[in-house]
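Shared chain: subunit A. Partners: subunit B in the first complex, subunit C in the second.
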Partner chain A sequence: MIKKLKYIFNPKSIAVVGASNKPNKIGYTIIKNLIDEGYNGKIYPVNTHEQNIQGLKAYMKVSEIPYEIECAIIAVPAKFVPGILEESGKKKVKSAVIISGGFKEIGNIGLEEQIVHISNKYDMPVIGPNTMGVLNPKVQVDSIFLPIYKLKRPHIGGISVITQSGAIGGAILEVASESEIGLAKFVSYGNAAVINENDLLKYLGDDPETKIILMYIEGVKNGKKFFNTLKDITKKKPVIILKAGKSDISKEAAKSHTGSMAGNYMAYVAAFKQTGVIIANKLDDLFNLSKIFSQPFPKGKKVMVVTNGGGNGVLTVDAIVDNNLKLAEISKETISELKKILPAYAVPANPLDLIGDANSERYRASLELLKKDKSIDMFIVIVLFQTMSMNSDILNTLITFKSEIDKPMVVIATGGEYTRLHKKIIDQYGIPTYDTPEDAVYALRALYNYKKISQD
Partner chain B sequence: MLSMIDTFEMLKKYKLNLAPYSIVDNLEDALSQAKKLGYPVVMKAISSKVSHKTEYGVVRTNLMDDEDVEEAWRIILKKLKKHKIKFEQILIQKQMKGYELIIGGKKDEQFGQMIIFGLGGIYVEVFKDISARICSITEEDARHMIKEIKAHPILAGYRGTKPADEKSLINALIQTNKLLINEDPEELDLNPLFVDDTGYYIVDARVVLSKGDNSVRKF
Partner chain C sequence: MIKKLKYIFNPKSIAVVGASNKPNKIGYTIIKNLIDEGYNGKIYPVNTHEQNIQGLKAYMKVSEIPYEIECAIIAVPAKFVPGILEESGKKKVKSAVIISGGFKEIGNIGLEEQIVHISNKYDMPVIGPNTMGVLNPKVQVDSIFLPIYKLKRPHIGGISVITQSGAIGGAILEVASESEIGLAKFVSYGNAAVINENDLLKYLGDDPETKIILMYIEGVKNGKKFFNTLKDITKKKPVIILKAGKSDISKEAAKSHTGSMAGNYMAYVAAFKQTGVIIANKLDDLFNLSKIFSQPFPKGKKVMVVTNGGGNGVLTVDAIVDNNLKLAEISKETISELKKILPAYAVPANPLDLIGDANSERYRASLELLKKDKSIDMFIVIVLFQTMSMNSDILNTLITFKSEIDKPMVVIATGGEYTRLHKKIIDQYGIPTYDTPEDAVYALRALYNYKKISQD
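Now for the complex of A and B:
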C-alpha cells in the first residue's frame, strides 16, 4: 500500500467528490485551488445536482466518470463516505483523501472501521478521514481546503511535512510561504485510519525529492514500528520532529519512583535520541533546524563568534556552553594580525567584538583573517543592523565570505523590518539567519549531531 | 508487587550486585549476622503492610556495634507496635557508601520497556535528574545515559573525591536491560544503588509485575 502513495502525491487524474459552485463549501475551494494553482492532470468534479462545476463537466457519481481516476478527494458528510469509497474501490480508483470529519474523533468508530475495511478490500490507500489535505507544489496537487488568497502556498523545495494536526499544518504552510521555504510534499494525515505516520515516513524516506522530513505528532499508532522506521530513515535524511504533549499527566498513580518520573514524553525523547531524530521544542524550531542542513558538516565543535554588539556575543557564548559546543581558540598569529587591523579599543579574542562602530569593511578584514585559522570549525556572525556605521554592504561581505569557506556559517540578527529585509537576502544566499543566539546555536548543535548519524 | 525476597532473587538471577544481607527473626541471630556482615549495618523491618519504611521509623542506619543493634531491635519493635504492624522478619544489610543512584524500568504503552538512570535516594523525585532509553540498549547507550545526567561531574570525581566505577554502572544497566526484556515488568526501581570507585551495590528494589498488581510490596 505504501508504494501506492504515489497516487496520493502524484495523481494524473483527480475526482473531487462534493465539488461545488457554492463558495462556502469545501468542495468549492478544492476545485478552485486545483484550477488556480494550475494542476496539470485531469479534474473530475462529482456533484449529485449540478452538471457544471466552475466551468468543468461534473458527474453524478464516481462510477459514471468514464476515465481512470488515480485519486478521489472526498468532501461530503461522513455518513455518505463509506458508500462513495466502496463505489470508488469498485471503479478501481487508485487512492483516496477523505477530508470529511465526523469519524473516530467524535466517537463514530464503526464508520471509521468501514473505511478501513473498504480500503483493505480494494488495496486502496486512504489519507484521513478528518484531514486538512495533501500538497505537492511540483505538480500542483492541492487538496488543502484553505483558500489560496488566505493561505499562500509554498514553492517547490526539498522539505516534506507530515502533520497530525491540520491547524498546525496550516501554520507550517503559512511560515514556509512567508519565509520562502520550498516544500517537496505536505500531508496532514488526520485520523490515520489506514495510512499512518509510519507509512508516510517510509514513503517520504524513499522519495528522492524529499531531502528533509519535518513532523508534528501528538502520538503514534505503533511505537515500536515507528522506532525502527526512524532508525532507518534518519541515516538517509534528517528527520525533525515536534512532539506535542510534554505535560503528560498519568491517569494511573505510579507505584515506583521510575513510574512517576518516566512519563510518555520521556519515552518519545529517548526514542528520538536513539534513532537520531532531531528534536524540535517549539514550532519555530522546525524551520530553524531544517535550514541549517544547507550547511556543510563541521569538522569539530569549535565555534568562532564575530559581533558588533557585546551583549549578543555574551548570550551566544552562553548558548554555546549550554549546547555543549566549544569556543574556538584562535591562534596567536591570528590575534596579532587582528590587532593590526582593529582599532585600539577592540580586543582580538573569541567572541570577537568589532565594537558598535564597526562597518562592513571591518567585518570583511576580520573575517578574511579568520578564514585562514585552522582552529575554527564553524562561524556565527552577529550583525546589529541598527548601528550608524552598518549599511547594506554587509550583505556582500557575508555572502562573499561564505562562498570562500567550506565551513558552516550562520548569522544572528534581531530587529524589525530593516533587519528582516536584510536577513531574507542572506537566507536566500544560503546562509541561515536566526533571531536569537539560542536558536542559532541549537541548530548548529543539531548539524553537528546529525553528522555522526548520517555517517553511521 | 514482588516480595522483597522474590525481588532480590530476581536481581541475583541477572547477576545484579546486592548489598550483602541476611534475614533474621530474633535478636541473637541479628547480632551474629551483623558481626558476620561487618559493621556498620542497617536494619529494616520486613512487613507486608509497610511500603515506605522510613516514614514509620522502622529503618535504622549507621549501626556501629552490638549495642547499636540491640537498641535498633528494641526501637523497631516499638515502632511496629505503635503503628499496629505485625512483626515478621528483619533484614540486616551491610551499610554501603558512595554515590546514591537509581536505575529503573517502566513499560511504556507505545515503545515497550524503557530504562532510566539517575540520581537516587530520597531526593530522586525532587531533582528528577535522570536519563532514559528504550530497550534494548547497547553499551554505548549505557555510557551516554551515565554521561547525560546533570550530576555526572560528581560521579566523574569532583574536588578530589574518587570517581565512581562507571564500568560497573554500564554493566548494571546492561544487566537491568536484560531483566526488563525477559521479565517484562510494569515498573522497576533499583533505588538506592550505591556506587564508589570499586563497584556498585543495590540496597533496595521494587518490582511491579503487571498492571493489575495493586498489592503492597511485602517489606
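Now for the complex of A and C:
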C-alpha cells in the first residue's frame, strides 16, 4: 500500500466530498485553495445539493463521477465517512484523505475500525481520519483546510514534513513560508488508522524530491519497526524529529521509581541517537536544523567567526564551546595579511571583529584572505545590518564568497524589518541565516554529527 | 557624580561636537535623529568649518556657545577628545557622552586616562568612550548613531537597558521596537572609563520611570560593589542579566584544573542567584522575561492551559514540567460546567483542548468558567490564529478576560503575518505573548521566583 501513496501526494484527479459554496465550510476552503493555487489535475466537487461549486460542475455522489479518481478528499460528518469510503472503494478511487474528525480520538473506535476494514478490502491507502491535510507544492495538491490568507503556503523545496499534530503542522508551514523555506511534501497523518508514521517515513525516504525529513511525533504505533526504518533512512537523508510528551518522564518519575513510563521517553532519545536521528529540542529547531543541510560537510570542528559587533562575537564563542566545537586557530600568515588590510584599531584574531564601522569591502577583503586558510572548517559570519557603514552590497560579498568555498557557512543577524529583508535574500542564495548564535552553532554541530552517520 | 547622570538622560540642552552635513558621518546621523525624533531641548551643533548644520546654527567650538550646555555628545577622532572635554569642563558643561572609539580598547590607555582625569577635575560624568549612545524616548534624547530607517526606536515604557556592547544594544533596541516594548532609558556604556555598570545600575535603581532593568555584561569593574548594588536593587525591581563570556570556563577548564578563570563565571552565576538576579540564557530571554513582569504575582505554581491545538498543549505541558511548575487540577464543578458548554468531542481537562474548530465564543465561555476555579494560579492561553473558526474577535475575549482576573496570563501563538498582527495588539493590552511554550513557561517560572525576592 505504501507505493500507492503516490496517489495521495501526486493525484491526477481529486474528488472533494463535502465541497461547498459556503465560506465557513471546510469543503469550501479546500476547493478554493485548489483553484487559487492552480492545481492542474481534475477537480470533482461532490455535494448532495448543489450542481455547481465555485464554478465547477458538482456531483451528487462519488459513484456518479464518470471519470477515474486518484484521490478522494473527504470532509463530511464522521458518521457518513464509512459509506462514502465504501462507495469510493467500489468506484476504484485510488486513495483517500479523511479530514473529518470524530473517530477514535473521541472514543468512536468502531467507526474508525470500519475505515480500516474498507481500506484493506480495496487496498486503498487512507490518510487520517482527523488530519489537517496533505500538501505538495510542486503539483499544487493541497487538502489543508486553512485559508491561505491566514496560513501562507511554502514554495517548492527539498524538505518533507510528517506531523502527528495538525496544529504543529500549521506552525511548521507558516515558519517555512515566512522564512522562504521550500517544501517537497507535507502530511498531517491524524489518527493514522491506516497509513501511519512508519509508512510515510518509508515512502518519503525513497522519494527523490525529499532531501530532508522533519517529523513531529507524540508517540508511534510500533517502536521496533519505526526505529528499523529510521536506521535505514538516516543513512540516506537527514531525519530531524521533535518528540513531544517528555512530561511523562517527570510525572512518572515523581510517582514511582520503577521507571516504566520514564523509560519510554528515554528509550526514544536513546533510540534516536542510535539510529542517527537529529533531535530537535523545540519547534524552531526543526527549521534551524534543516536549513543547515544545504551546506557541504565540514572537514573538522574548527569554526571561524567574522563579525562587525564585538558582543555578538563573544556570545558566538560561548555557543561554540557549549556545543563542543572549536575556534579555528588561523595561521600567522593569515594574521599578518589581515593586519595589512584592517584598520589599526581592529585586531586580527578569531573571532575577527571587523569593528562597527566595517563596510562590505572590509568583509570582502578579510574573507578573501580567510578563504586560503586551511585551519578553518566552517564559517560563521555575523552581520549587524544596523550600522552606518553597512549596506546591501554585503549581499554580493557574502553570496560571492559562498560560491567560492566548499565549506559550511552561516550568517547570524539580529534585527527588524531592514535586517529581515536582507536575511531572506541570503537564505535564498543558499546561506542559512540564524537569529542567534545558539541556533547557528547548534545547527553546525548537527551537520558535523550527521556527517558520520551518512558516511557509515 | 551618580546624581548628575540626570544630565546624561535628561539634558535640557545638547551640544553635538563633530556635527556634520555629510550623511556618512556619525555627527550627521546624531543631529538628524535628534531633529527627526523631535528632541525639544536646545541643540547646538559644533563644527570647525560649517556655520549651519542641517538648518541649525553651528559653532566653531564648545566654548563659543553662549548658552548653558547640559550634555556634550562628542563624535570626533580620539586624539581631539581630551581637548574638547577639557574645554567642556571649563565651560561648565554638565555631562558628556563620548561616542568616539580609539581608546583603551585598542591600547591607547594614556588617552583614556586623560578622560578620567578631566572628568574628575570638573566632576563631570562621562559615558564612554566607545559607546553606541544613550536613549530616553520620553524626552527624545538620542545619541545613538544608527540611522532610524535601519534601527527603529522603541516607544516610551518602563524597561531600562544597560549594555556593555553597542552591537548587542542595537539588537535589544530592535527587538523592543519590533515587539512594541517600551523603554525608559537605554545606555551603552562602552569602555566605562568614568561611569560604569555599577553607577548606572544605582541610578536606574532609583529612577522612578524604570520598572525593570535589563543588562548585558561581559565583565564588571568591581564584583563586590556590583553584587552589593544588585542585592539592594533586586528587592525594588527585577534585574535581568545576560552575562557573556561563558567560554572562559571551558577554555580554562581545558587548560588546567586550577579553576581560576572557571571560578570566575561560576562565581557570577552563584552571585546572581544569591542577589536575586534573573538570569537570561540567551538574547531573546531578555524581553521574554521582562514582559512577564507586567503580570501580578501568582499565588502558587499551578498553571491552566487552554488551547485550540492539541500538539501545542502537549508541548506546553512538557515545558511546565521542565520548569518545575504544575498543571492545575481543576475542580469537579468546573469540569461538569465545562461539559455543558463544550461540544461532545472536547474533553474537559487541563490542558483544555477546545479543538481546532473553537471560535472566540468557545474560548470566552470556557475562560468564564475557569475564572472561578480557585485551583488555578496562572493562565496560559494558546491561540492558533490560522484555523477557519478563529477571527479577530478573540482579541476582545482575551483582553476582557484579562481585565477581570488578578492572575498572571500569557498567550502563546506561533505564526506569520496574520498571527503577528494579532499578537502585537494582545501585547499592547498587557498580556505578554510568546512564540513558543518554552519561552512562555520559562518567563512564568521567573515571575514565580521573583515573587519571593521582592517580598524578602
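In this section, the second predicted complex is superposed on the first by the 442 of 456 C-alpha atoms of A that agree within 3 Å, B and C clash if a C-alpha of one lies under 4 Å from a C-alpha of the other, contacts with A are read in each partner's own complex, and residues count from 1 in each chain.
As a convention for this text, a residue touches a chain if its C-beta (ideal position, glycine included) is under 8 Å from a C-beta of that chain, and two chains touch if they have at least 3 such contacts.
Remember, it's a predicted structure, so these values are computed and weren't measured experimentally.
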Legend entry - Touched partner set for A:E218, first subunit B, second subunit C, both or neither: second
Legend entry - Touched subunit A residues, subunit B compared with subunit C: C
Inset, instruction - Look at A:D232 in the shared chain and tell me whether it touches subunit B only, subunit C only, both, or neither; answer first, second, both or neither. - result: neither
Legend entry - First, second, both or neither for A:E68, with subunit B first and subunit C second: neither
Inset, instruction - Could you tell me if A:N308 is touching subunit B, subunit C, both of them or neither one (first, second, both, neither)? - result: second
Inset, instruction - Using the touch rule from the top, collect the residues of subunit A that touch subunit B in their complex. - result: 219-220, 222-224, 226-227, 252, 254-262, 264, 266-271, 273-274
Inset, instruction - Write out the stretch or stretches of subunit C touching subunit A in their complex. - result: 24, 26, 29, 101-102, 105-106, 132, 145-147, 149-152, 163-171, 174-175, 177-178, 216, 218, 244-247, 249-251, 282-284, 307-312, 314-315, 317-318, 320-322, 344-345, 347, 355-356, 384-390, 414-419, 435-436, 438
Legend entry - subunit A-touching residues of subunit B, taken from the complex the two chains share: 1, 102, 104-106, 108-112, 114, 116, 118, 124-125, 128, 130, 132-134, 141, 186-189, 191, 206, 208, 211, 213
